[in-house]
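When the chains are written out, they are named A, B, C, D and E in that same order, and each has its own residue count from 1.
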Amino acid sequence: MAAEVLIFNLLSAVAIVSAVAMITMRNPVHSAIALVLTFVNVAAIFIMLRAEFLAAVQIIVYTGAVLVLILFVLMLVNPDDLPEFHSGKPMQNVFGFGVGLILLAEISVAILTRTVVAEPGPWNEEGVAAAGGNIQVIGQLLYSGYVLPIQATALVLLAATIGALFLGRPDEDQEPSPKRRTVATISLAHTRGADDDLIPALRAANIKREAGDRDLIMARDADEFTTSAEEEEKKGQSE
Amino acid sequence: MDANLLSSYIFAVIVLNVLLGLMAYMTYIERKVMAAMQDRIGPNRTGPVGLLQPIADGLKLLVKEDIIPKHADRRIFLLAPLLSFVLAPVAAAVIPFGDSITVFGHEVNLYVADINVAVLYFLAIGSMGVFGIILGGYASANRYSLLGGLRAAAQVISYEIILGLSLIGVIILSGSLSLVEIVNQQSETLTIGPLQLPNWFILSQPLAFIIFLIAAVAETNRAPFDLPEAETELIGGFHTEYSGFRFSFFFLAEYISMIVISLFAATIFLGGTDGPIQDGVWWLALKACIFLFFYIWLRTTVPRFRYDQLMGLAWKVLLPLVLINILLTGFIRLWGLGML
Amino acid sequence: MSLEITQGTPVEISEERALTDSRRQMVLNMGPQHPSTHGVMRVVLTLEGETIVDCDPVLGYLHRGVEKLGETHRYSQFVPWTDRTDYVAAPSNNLGYILAVEKLCGIEAPERATYWRMIMGELARLASHLVWLGTHALDIGALSMSLYCFRERELILDIFETFCGARLTTNMMEMGGFSRPIPEQLPGMVRDFCNVFPKMQAEYETLLSSNPIWLSRTRGVGVIEPEAAISYSLTGACLRGSGINYDVRKATPYLYYDRMEFEVPLGTRGDVYDRYLVRMEEMRQSISIIEQCMEQMPTDGPLALTESPYVIPEHDNVMKTAEDMQRHFIWVIKGFSPPKGEVYQAIEHSKGELGYYLVSDGTPIPYRVRLRTPDFVNLQSLPYMAQGAALADVVALIGTIDIVLGSVDR
Amino acid sequence: MSSWLFLIPLLPLAAAVINFILGRWFLQHASQWLATLAVAGSFILSIPVFLEIVSDEQAISQHLYTWIPAGDFDIPVTLFVDQLTATMLLVVTGVGLLVHIYSIGYMHGDPGIYRFFSYLPLFVFSMLMLVMANNFLVLFVFWEAVGLCSFLLIGFWYRRRSAASAAKKAFIVNRVGDFGFGIGILLIFVTYGTIEYAGVFDMVGDASQTTITVIALLLFTGAIGKSAQLPLFVWLPDAMEGPTPVSALIHAATMVTAGIFVLARAYPVVSQSADAMMVISIVGIATAFVAATIAVTQYDIKKVVAYSTVSQLGFMAFAIGTGAWIAAIFHLVTHAFFKGLLFLGAGSVIHGMHEEQDMRKMGGLKKYMPITYWTFLIGAAANAGIIPLAGFWSKDEIILGTWLYDHTVIMVIAFITAFFTSLYMFRAVFMTFHGEERFNPDEVHPHESPRIMTIPLIVLAVFAATIGFIGFPPEDGWFHHFLINAFPGLTLPDVAWSTIFIFAGISTLIALSGLFIQYMAYVKKSISPAGIAGLLGPLYKLAANRWYLDEIYDVLIVRPLVAFSMFLWRFVDAQVIDGTVNGVATLVTYTSQQWRKAQTGLIANYVFAIALGAIIIIGAFMIFGSNLFQ
Amino acid sequence: MNELMPEQFMFLSAALFIIGMVGVLTRRNVLVIFMCVELMLASVNIAFVGFAWEFSQMTGQIFALFVIAIAAAEAVIGLGIIMALTRQRDTVDINEVRELRQ
């Protein structure tokens, strides 16, 4: 057994075991971790299959972004809701596994009895090396023959972004929940009450320019910038 | 097993050990530098001028009681710090510490691996590193930890994008994802009129460098982007409930990440091992030290961002800037190739 | 071997459910052991994401019954207790209580002692503001500020130590003046401090005042409108930050503040940044007041009243004259009995209006002692400011109110 | 000069676009100055163009671009200026400028001011392009564009239901005429193979007489709509729902004269068909008479002026019909000034009376708004044909034309109409400005309008008083000699001075009699208007109810249409079509209801079905063989 | 078996796909179902890349790239829907969401 085959089988075994673990774990967070393991192994298999770029992308996108997002959502969702409820529908499980087994058997038969025949292309190991490497080959192919699919994919990603923004927007019907508590009482009778004409008064006041655009007003006297209750009354009467 | 592979293994072991040793003394240096900046003395009791302090700290953490909260998700709680700790130094594998040297008649490359997707590999490992933090935050069954984990997830995803995009400019210019290749390109000389400058990418990609620097600080969860652990708000965030050696794993991982990302930045933008006289690993170390000093300096100087400001900075300021940078670089590159 | 401990959540799960409106909300129990609550305060936050829906400060973790203790101690015995309310500005608390008792007895300290009281009060204000600045900046993440601030505060504490021997709980004032002489080196120390401090303060400002992160964390955060500030009975920088001109030193001058020339800084927006600016400016004004005191102060003169029945006689005379010996004996054994009546004395403490309310029934023990501590009142505005703010803002808001739990809980 | 020609329409267009885009957020009130400056620029540029035409007597043109290139047939956008166009240029930009200035005062404080000042220059642009077009298609495009602007501006206060419906009415009624106009253009194209003026006019004679008549009548159909002739004039009085400056500019001075302009522009075609000319003159005189009688009975000051406009447009139409081409254009020019003046004066009154339009609630305003009064009086006198004001010269010339070209019946009706003209004009003046004050002084404080509104009034008044002298002496004036170049083949008739004096005398007498009657009725109160109305009985009622035209339309067109629509809705749509659709739907619903029971709503079940399907398909392939696996 | 055989990755791909499918069939937590779908997408990528390797083609890799891109878009939308769902329903149990039945 060549080392290559051994490693491949090892990686496959881990991938399959962790995939099975993913669907059997009760805690979704554990499932997610199992899935991370599967994806990392899949990425390793990609490297074995001479797809280094895809391996890196697989890890960056799937494990680095998608699964982090899934974990993010898992943590946002109420922890009480997280555990899986296996007790619900036993028939569902039986049918599910049954169908899975049948399909696996069918595909196994197909794999073993049929062979796929196709013309070998130019991108064997030497061909790729001659072109400068896996990334160079993908880049050249991608931007020569696949421009339209790239544009379409870009459009899909844009649509997804907009859709996500739409889905993630705050509820409209619900008033923004953090609402300011209103001022309970305003004691305008306070002899040193807030001056309604504070702002005009400030212009003439002794202003100390602080950092940026902020000013401090320097009061020399206790009666500056304040209106006493009597004055307020007088003002009211005169109007 | 061929000799090449063997020498790689040996070199990997050396790098790993050096990193761990560096990391230990990184904490010492940080404390000393911070002390100097803050008008105090810093560790000075353990050993001469406190040089044994990191070892003492390590011992202390080793023998400390290992507390697992009752409601914690045990398995993940144990797994998370390991994940952080293991993934942090792995990224150093692609950093070239110099050309090959001859040891006992063997040609030994001064890098663990020269893979053609090195930059992507680095980003991939970086994006994996956050799992430790998120899972640690989740598993602690603590509100502060959960919030820390949530913050870490959002922050790392956002800044991962910025980090990756800021490197695109360099990749466009160098035309390669291999760090060895990138370093080799930077050792060339750039002649601008009478000036003879090294072709470091900091000169051709200054904007990308600044953005990379900011994103790198955010990526390693260091001040002023240390929101996931913000001790004054979240009391340590994801590692609130960790103690003893498990805590030290997170702690170590953070410092190793800092060192690795400093090495990476030095490699990508500052020419790696290239220097004015006698190229070699010491230049890389010196450049990395500049970054590390910058990290410490930042920590002592600036206040912490708020969560929304952090996200706003990433998406509203840095992302447009970095996209503009890519666009400009692309045009200049095409122009340089005579395709425009 | 690992030890399993139960997570200490004082609020039970069911209770938490009752606290939140929807399942999207989360109750976060901040404190009483949280590093940013400046002691043992507990804030129960209801969060939606990182946005605060509700904020409920829970007090009393440091309650020692100071007021009740005052009603079981003789007038002079209560002075050390005042140190332990707002322990970062102990001389100010001494001062407030002493002034209240003196007002009750109708006596007044000699001129020189009054000037020194003012100096000590302003130094206490500076010490308190330095603690505030350090911790406030630390809460927001500016790590070094706290160390810089404590470096300067050390100079003030050295002055206190030189004067009365204690650094934190000073217990430095007596009815009718000071019981100890002024050490020779003290005026020089105060002058040195006045020379050094402004430079240091300029250093702080370069670090913070125009730092974009500091600005973004403080500007527009925790806005208190002038009306709200009044209706919450705020005092001190919290009130003046909202632009309302009320300073006890100006409004009802005590000591010799009417002889001083100083200005009261007022904010324009009422946010955290304004309060920061106001306090920074207050520190400059304090230095100016101290310098004026040093100038105006008579170089020689008594430091304490000796002839009043309410004060302890001069030590030298106790062993010389029978009257003084007798008075001393009664004063020490029984204490003095102020006339019947009630009195309220307010001073401008570093955190706001500190009021002492005393009721005397003619016995040596006060019938009622009541403290109006400014930070307790100011703390009311926390929920008002916190609603709609982010979680990270809460620490900035607690910092901006400037609380000392010893003073809040009493 | 011709190279700068394009700037004349471009400036207002630029102003319109800028105001529309930036107005709401950035310009706000600054938009009014932008619009006014742009129109002023157009006006200033038009002057040298006009002078060049005067001195060179040569049409100038500037090719801008080819709009529709289709093989050997292409439609150029070419600016074309001859004597007729030059005259129109000055009228449009001149009156337009004054109206813009006036609007600054009138529209002050309106929140939609930027909208107003983007529609108004847009209208000026469209009108300029209309008159400067060199082919029928471009003409038609901008013909529709001015209609659109008219629609937008009538419905400017679109929150007002009446304004919105008036806008709709104007638009729909105009469509009837435009339909004919469009067919006319098609017919021109079919007949001559081109739609450029020059080409068409060169080949007029190639077509049969019938074709020419049909074309001329179809073009006149458009004019009926646009220039508010019988029977389509009903939209114009309703259009007074728009802001008054709009009424002045669009519904008095410029747009409504587009119909007349088109007839004059198509002179080579129209003049070839005597039958068409006859129809035009009959429709014209009927319009003039009917509108004048209605105007006498109206109480809304703007309605009076509006019906007066319709009447004057009738004058122009029958002038063309009778062959007095130049007189028609002359009247068009003078009318633009004095009718613009009247509208702006009415607007000033309304502005001063706090949006009150009913003349019964006015009276005695003379002392409150002297400038408005005097300018309005000049306008009214010009309209009534008091010598020597502008209206006198042009109207007299039209009536003289009817005599010269032997249309005696029309002449008599024209004189009667002129009498009515004088009657309603002075009725408006006396009711509004003289007599007792019939408004409630507690609620209404009449005041003179701001200077920015009165200055345009004064300028217009000066023109209304003096513009007539460009056509002096009648049939031999400077204007006639200038314009005759635009009408090849037309000769100025030689008229004896005695004839002129006789007609002038009759006209003046008629105008003065109208003045006298109204003076007695509304100032002296010796004649009771109500008494006269009672005396005339049904005739008065007929006029007061606008000859029941709206009602006739209602009975003849609207109701049958509604009934037919109801039939379509009630029976065809609701029964036949819906029945079919509903039947199918019910069937589907029923079937689906049965199938629904198979739907559990559980995702797992659907996935299960998919998986089952996959198993079956793969199994089938395995068993029966396929190309998938070989 | 000294060489890597095409059957190997085909089996792996099929196995992972079927595991994902069974997960979708049996699990009730919508987030886990979501993860299963991601697994199915990834398993298809293995087949793509494997065939590309077998026949020295690049098309398979390029299509795998597209699949990853689409999967990312799907993840964003899917998670957005799940967030909206939990906001409205307070549940992640897919059997509770039976809107399709109505």
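By our rule, a residue touches a chain if its C-beta (ideal position, glycine included) is under 8 Å from a C-beta of that chain, and two chains touch if they have at least 3 such contacts.
Please read these numbers as outputs of a predicted model, since none were measured by experiment.
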To reach chain D from chain C by way of touching chains, what is the minimum number of steps? 2
Touching chain A and also chain B, the following chains: C
Most remote chain, CA-based centroid, reference being chain B: D
Which chain has its C-alpha centre closest to the mean of all protein C-alpha atoms shown? A
Contact-count maximum falls on chain pair A-E
Just grab the chain with the largest centre-to-centre distance to chain C, centres being mean Cα coordinates. D
CA centroids of chain A and chain C: separation to the nearest Å works out as 47
How big is the gap, in whole Å, between where the Cα atoms of chain B centre and where those of chain C centre? 45
Euclidean distance of C-alpha centroids - chain D vs chain E, Å: 67
For the pair chain B and chain D, the C-alpha centroid-to-centroid distance in angstrom is 76
Junction residues of chain D - those touching two or more other chains: 604, 608, 611
Flagged in chain B as touching 2+ other chains are none
Where does chain E touch two or more other chains at once, residue-wise? 21, 25-26, 28, 87, 90, 95
Mind pulling up the chain A residues that touch chain E in the complex? 1-2, 4-5, 8-9, 12, 15-16, 19-20, 22-23, 28, 31-32, 35, 38-39, 42, 45-46, 48-51, 53-54, 57-58, 61-62, 65-67, 69-70, 73-74, 76-78, 81-82, 84-85, 88-89, 92-93, 95-97, 99-100, 103-104, 107-108, 111-112, 116, 118-124, 127, 134, 137-138, 141-142, 146, 149, 153, 156-157, 159-161, 163-164, 166-168, 171
Which bits of chain E are touching chain D when the two form their complex? 21, 24-26, 28, 33, 94-95, 97-102
Touching residues (chain side chain D, partner chain A) in the complex: 604, 608, 611-612, 614-615, 618-619, 622, 629-630
In their shared complex, at which residues does chain A touch chain D? 89, 92, 95-96, 99-100, 102-103, 106-107, 109-110, 113-117
Chain C-touching residues of chain A, taken from the complex the two chains share: 78, 176-181, 183-187, 190, 192-194, 198, 202, 206, 208, 210-212, 214-226
